[in-house]
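Below, each structure is written out as C-alpha cells.
In what follows, chain A forms one complex with chain B and a second complex with chain C.
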Partner chain A sequence: MPDMDAKASGAAVVLGVDGLDALVGLLVAGGYRTIGPRVEEGAVVYGPVRGVADLPAGYVDEQAPGSYHLTRKKDGKALFDWTVGPHSWKRYLYPPEQLLFRAERRGGGFSVLPAAEEESPLAFIGVRPCELAAIAVHDRVFSGSGVVDPGYAGRRDGAFLVAVNCTRAGGTCFCPATGTGPRARTGFDLALTEIEDGKRHLFVVETGSERGAALLAGLKAPPADGALLATVTRLTRKAAKAMVRDVPKDTPQVLKRNLDSPRWDDVAARCLGCANCTLVCPTCFCATVEDTTDLSGGVAERWRRWDSCFTSDFSYIHGGVIRREIRSRYRQWLTHKLATWSDQFGVGGCTGCGRCITWCPVGIDITEEARAIRAGEGRAGEGRR
Partner chain B sequence: MRDPMTPSLYRVDKVVRELPDTATLGLVPSGGDGPFSFRPGQFNMLYRFGMGEVPISISGDTLDRSRVVHTIRAVGSVSRALTELAPGDEVGLRGPFGSSWPVDEAAGHDVVIVTGGIGLAPLRPAIYHVLSNRGRYGRFVILYGARTPNDILFRSELESWRSRFDVDVLVTVDSAGREWGGNVGVVTRLVDRAGFDPLHTVALVCGPEVMMRFAIPALNGRGVPNGRIHVSMERNMKCAIGLCGHCQYGSYFVCKDGPVFPFARIATLFAVREA
Partner chain C sequence: MTAQVPTRKKPRLAVWKFSSCDGCQLTLLDCEDELLAVAGAVEIAYFLEATRARIDGPYDVSLVEGSVTTAEEKERILDVRRQSGVLIAIGACATAGGIQALKNFTSVDGLIRAVYAHPEYIATLSTSTPIRDHVKVDFELRGCPISKAQLLEVVSALLNGRKPALVNAGLCLECKRKGIVCVMVAGGEPCLGPVTQAGCGSVCPASGRGCFGCFGPKEGPNAPALSRRLTELGLERSAIRDLYRGFSGSAEAFREESKAHD
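After this line comes the complex of A and B, so read on.
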C-alpha cells in the first residue's frame, strides 16, 4: 500500500476528550442518529451514544481463537483501547430484518405498498479501518454491481463516519495482510487517533471529506504538530507489527485449484456449522426472504432477513439440499471470502477483522485453514476419508 | 428510486392445464407496465400473495407481446399455489432476469435441444425462435424425455413440430405400458441416434442435473465441444439480482451470470462434488 501518511495528515487537528464530546454533540444537534461503542453483556457492541460518557473508557479486549474477554483497566481512561467486538456496522446499514413491502388484498387481486423509509441519517463513532473497508465492500455489493439496493444506498449516502485508527492489535486480527488497516486512508469523514499515555489524553483528527472539515471548523481545534503526527505513525505501525497472521496474495488461485483438498474434511470434522462466522463477519451479505400474512389473510408482508451459507436450507432446491455436508458449506464460506469474492466484486471479501476467528466456538482460524490447504497441495491424492 | 425487490402486478389472463401437476399461465400487466420483452431462456420471479416468490422461466414466444407466459410444475407450496391460479387472479412479477440461450450465435449451425420433464418449458422460447427464423439454422433436432407417456409436456406442440419436414423430434420415456410404441430409456441415448453435424452444432441442454451429467458426455462423444454446449443451471434463488447470495456457483451468481452458461465456463466446477 502506498504510504499516504503525509497526505492524510494535511488537515490534522487536536481535540481533547471534551473536544471529542463536543464533536459528538454537534452530530447529535445536526439531527444524526449517533451510534458508537458501548459495553453490553461483557462485549463492546454498537448502539446509541450521545457523548463521551457513553464510550467504553478503560475497556480492553483480549481475543484469541474461540475466545473474547473484556476487562476494565483500573483507572484506565482510553476510550478506544478495545478493537472490534461481535457487532459490525452492517447491522445499521443493512439491518438484520428489513420489510421489503406490504401487500393488501383487493378483490381478486392485491396492491403492493413499498416499505416507507424515512429515517434520520446515521453517524458512526469509532469505525475501525477494517470496518471502513467492509463498508466499501458493501458499497460494491449493494450499489456498485449494476443493481442498487435503495434502502442501503439511502442509509449509506447520509451516513457520517468517524473512524478510529488502531494503536493496539487485537488478538485475532490481520488487517496488514488484507491491506485494510490499522490506519485508515480513505472512506471516512473524520479519522481519530487516540493518544493516552498517562501524561496526556488527546485525539489527532484527520479530515477525509468536506463534510468532515465543516464539522471540525465548528470546534476551533488547534492543528496537530509534526511530533504528534509522528506519534500517530509510530503507534499504528507498532500495531501493524504486532499482527502475525498472513493471507498470501495467491490464496485465491490456491483455493480454487484445491476444491477437493482433504483439508475440507478435516475442518468439517471440527466446524459445528453454527453460522457464527457469517453473522459476525462485516462483509457477509447473504439474506433470505420470509412471507407472512395477518390472521384475516388480507395483509401480507415480505421480509428480508440475514441468512448464512452454513444453514441447510440455504442451498435447498426441490429434490434436495445441494451443500448437504458441512464440508461443502465451509468450503463455500472460505472460498467466497478469500477467492471468488474478488471475481464477483473486484475487491476482496475479507478485511482481516478477525471476528470469525474469535467468535468461532471451536476457534477455527480462516487464515490457518487457507494455509493448511496450501500446505496440503499435491497431497490431495490421499483423497477423502 | 424503485426497489428492485418490489414486484409489479400482473393479472392471470389465460390458464392451460398441461398435465395434472403442470399449468401454463398467461399474464398481462394490471398496472401501468408497458409491453414485456425478454430473451429466450430468461426467467421471472413470480410472487403469490402471502406465500412466497419463486424463479420461473418464461415459456412463451418472444414475438408475442400480448402476454407473459410461464409453465409451472407443482413441486411445493409456492409452485403449487401458482398452478392453482385462475383467470382474474393477480400475481407479483419481477424480471426478466438472467442470461439467455445463444440463438444468435447459433445461426448457421445445427441446433440440438436435449431436455427432460419441465425443462422443455425454458427451451420453448428458443424453439419458437428457431422455427420463426428457420432459414438461419441448419438441422434442428429436439430430444425430449419424460417419465411416462402421460407426463409428456406440450404434447400436441411436439407432435406438430414432429410433423414438419425441417425438424427432428425424438421423444423417449423412462417407463411405459404396452400401449406405448415409442422409445423407452433415458434421453441421452437419443443423442447417439440423432442426425446432426457435431462439428457445426450448438447444443442447448436443460433438465435435472443428473440428466446433464449424462447428456454432456454423450454430446462430447459425438464430437460437440463444451464451448458449443449451453446448459441452464438451477439454484436456490431469493432475489434474482445478485444480492441474496443463495444462487452462488463458484464465482458466478446463477441469477445474473446464468442461468444459461456455455458449459466450457463451468466445466471445472461441474466436476467438483458439491454435496
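After this line comes the complex of A and C, so read on.
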C-alpha cells in the first residue's frame, strides 16, 4: 500500500464553516461556476452551489453492491460525511452531450460554425482524492498523447479544484488498493479535511497551487497546528483501514492470461448489459458522434454523446457488430479497466471509487469478478473463447 | 467554408390507424412549435385525425399506428404497404401488439364473453400482432406513446436522406446522460429500464418511478438477470409477470420472461 500522507505545498491553515462559506463566496465573486455536492432525488449529486448552505449537512450514504441509501443524521452537521454519489466530475469536464459544430445552409452552399464558446470557468467544491485521480486519467486521455480535445482542455485548464479528503470509508470503495486515496496528494488547488466531533467543526486546508494559495490569502486563516495535522493523518488512515476490497498488483497479468475463463460466462448470466457501470465510472470516456438536421434541412449539427462498450452500436463496424454477447462486452470492459488501460495510457483505469459496484442494478462487484477469475485459473479450458 | 447542397422536393405523407388509441398520431399534432415546420416540409396527404381532406396515393411516407387485430386489418395493411414508399410503424401497438396483445396470453372467446353484452357482434382475431408480422416495415418507432423528439428525428432524417440518430441501447444510457439518480439502486423501485430500449427521455425515472417498459426490449436484454434482482427487491412472482406483460408485453423478450413467471 502506498504512503497515504499528503505532501502538500505551503503551510496548512484552518477554516471554520463560515470560512468555507467565504471561500466559496470568493470563487463565486471571482466569476467561477461553482459546482458541488447537493442532495437531489435521494442522493448526493453534483450541481450548482453558492455557499455552505447548499451542501449536504448531516447526510451519510450507505452503499453496498446494487444499493445506495442516503440518511440524515439527527443534529448532524458534517458537510462531507457522504463519500461519492452517482455523478462524477466528468459530467462537467466531459459533458454527456456536447455540440461539436453546427452547419447552416446559406444561399447555394453552407457554412460551418464552431460550437459556442465555453462559459465561465468551473470551480469544483468537494473533489474526492479518487476523483482527482480520475481527472488526472482524463488529462492523459484527452491531452496527454499529443492529441488535445479542445473542449476538454478549455474546461479543464480553467477549473479550480477544491478537494476534500475522506475521513469515512464508503461501502463499496477501495482507493487504498488503487493508490488513489483517501488523502489527496496532488492535483488540487486546495484540499480540505473536515473535522467535526461535536465540540468543534472546522476544516484543515492544504494548498496545492499558487492560485489556491492566492485565494486562501484573502481569508486570513490561522495556520493549522501539529495536533490538527496529526488528526488529519489519523482520520484518513482510519478511513483507509475500513476499506476491505482489494485489487492485487498482478491483476492485469491475471486477466490477460484468462481471456477464456469460465467466469466470463458466469458474469454474463448476471450482467444486464445496461452500461451503468461505464456511465458512472469517472474514467470511462467512450462516446458516439451523431449528426442531426432540422426539418427544413437548413441546419445540421454534430453532437458527441456518452456511449458505452456495453451497447451493440458501440462495436458496430462495416459488416456488423463485433461484440454481440454480454460476455464479450463485460470482458472488454473489465480487461480494459483493470489491465490494458495502463498499457494504453500509462496509468490505471480504476481509481477505486466503487461507483460501478454501487450503481450496478444487480450489484456485480468488479473486484470480486477479478478475484474469481484468479481463483479459477487452471480451469480455463472449461470456458469458451 | 461553403459547398453546393442539393434542393429537395416535398414528400407525400399518410398517417394510418389500426387497432390503437390514437395517442401516437396525436404526437404528430402535439409537435406544436415544430408543427408548422412539419406541415411545410411534407405534403400531408392522408391524416384523418387532422383533416378530412384526402389526397389519393401512392404516398412517399406512411406512418402506421396500431396493431392488427381483425381480418379486415390484415387485408388493409397489405393495401397500405402497396401504396407506400417508406413505411414506418409507430408506437407499442404497431411494433409489439400493444396492451391489447394481452389477449395473446389467454382465450379470446372467454374475454369477449366477459366484456361484451352481445359477443355475437364481435369479430376479432385471436391475437394482436405488430405490423412487421404482416408486411415489410422500413422503420419502427417504439413507445406508448411514441416520443415526439424521435418522431421529428425520423421525419427529419428521411427528409434529409440520412440515418436517424436513434439508439437501441437500454434506458439506463439515457438516465445516466441526463444525470437522473437510479430509482432502483437508490430508491428500491422496480424498474424495467435496464432491459428496455431508450428513447422516451426517461420520463418515468425522471419522475421518481420505475420504467414500465413501454418502449419494449432493448438490444440484447438479459431479463432473467433483472427478474432475479426484482425478486430480491421483494416483488412477487405474479408482480414480475405483470410488469413485463404491459404495453410492449408481447415483444419476444418480455413475453418469454412474463411466461417464465406464470
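In this section, the second predicted complex is superposed on the first by the 369 of 385 C-alpha atoms of A that agree within 3 Å, B and C clash if a C-alpha of one lies under 4 Å from a C-alpha of the other, contacts with A are read in each partner's own complex, and residues count from 1 in each chain.
Following the convention adopted for this analysis, a residue touches a chain if its C-beta (ideal position, glycine included) is under 8 Å from a C-beta of that chain, and two chains touch if they have at least 3 such contacts.
Treat the numbers as computed from the prediction; the structure is a model and nothing was measured.
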| item | value |
| --- | --- |
| Contacts of A:111 with chain B and chain C, given as first, second, both or neither | both |
| Chain B versus chain C as contact partner of A:332, first or second or both or neither | first |
| First (chain B), second (chain C), both or neither touched by A:150 | first |
| Which of chain B and chain C A:359 touches, first, second, both or neither | second |
| Chain B versus chain C as contact partner of A:296, first or second or both or neither | second |
| First (chain B), second (chain C), both or neither touched by A:222 | neither |
| A:100 touches, of chain B and chain C: first, second, both or neither? | first |
| A:198 touches, of chain B and chain C: first, second, both or neither? | neither |
| First, second, both or neither for A:272, with chain B first and chain C second | second |
| Residues on chain A lying within both footprints (that of chain B and that of chain C) | 105, 108-112, 291-293, 297, 300, 307, 324-325 |
| Residue numbers on chain A that touch chain C, as the complex places them | 40-43, 45, 66-70, 85-87, 91, 96-97, 105-112, 269-276, 279-280, 290-297, 300, 305-308, 310-313, 324-326, 358-363 |
| Touching residues on chain A, where the partner in the complex is chain B | 100-101, 103, 105, 108-112, 114-115, 141-142, 145-151, 153, 256, 259-260, 285-289, 291-293, 297, 300, 302, 304, 307, 309, 314-319, 322-325, 328, 332, 335-336, 339-340, 343-344 |
| Chain B residues within the chain A interface of the complex | 1-7, 9, 11, 30, 47, 49-53, 75-76, 79, 88-90, 92, 208, 234-236, 238-239, 241-246, 248, 250-251, 253, 256, 272-275 |
| Touching residues on chain C, where the partner in the complex is chain A | 1-5, 8, 34, 37-38, 40-41, 152-153, 155-157, 159-160, 162, 165, 167-170, 172-173, 176-182, 184-188, 191, 193-195, 208, 219-222, 224-226, 228-229 |
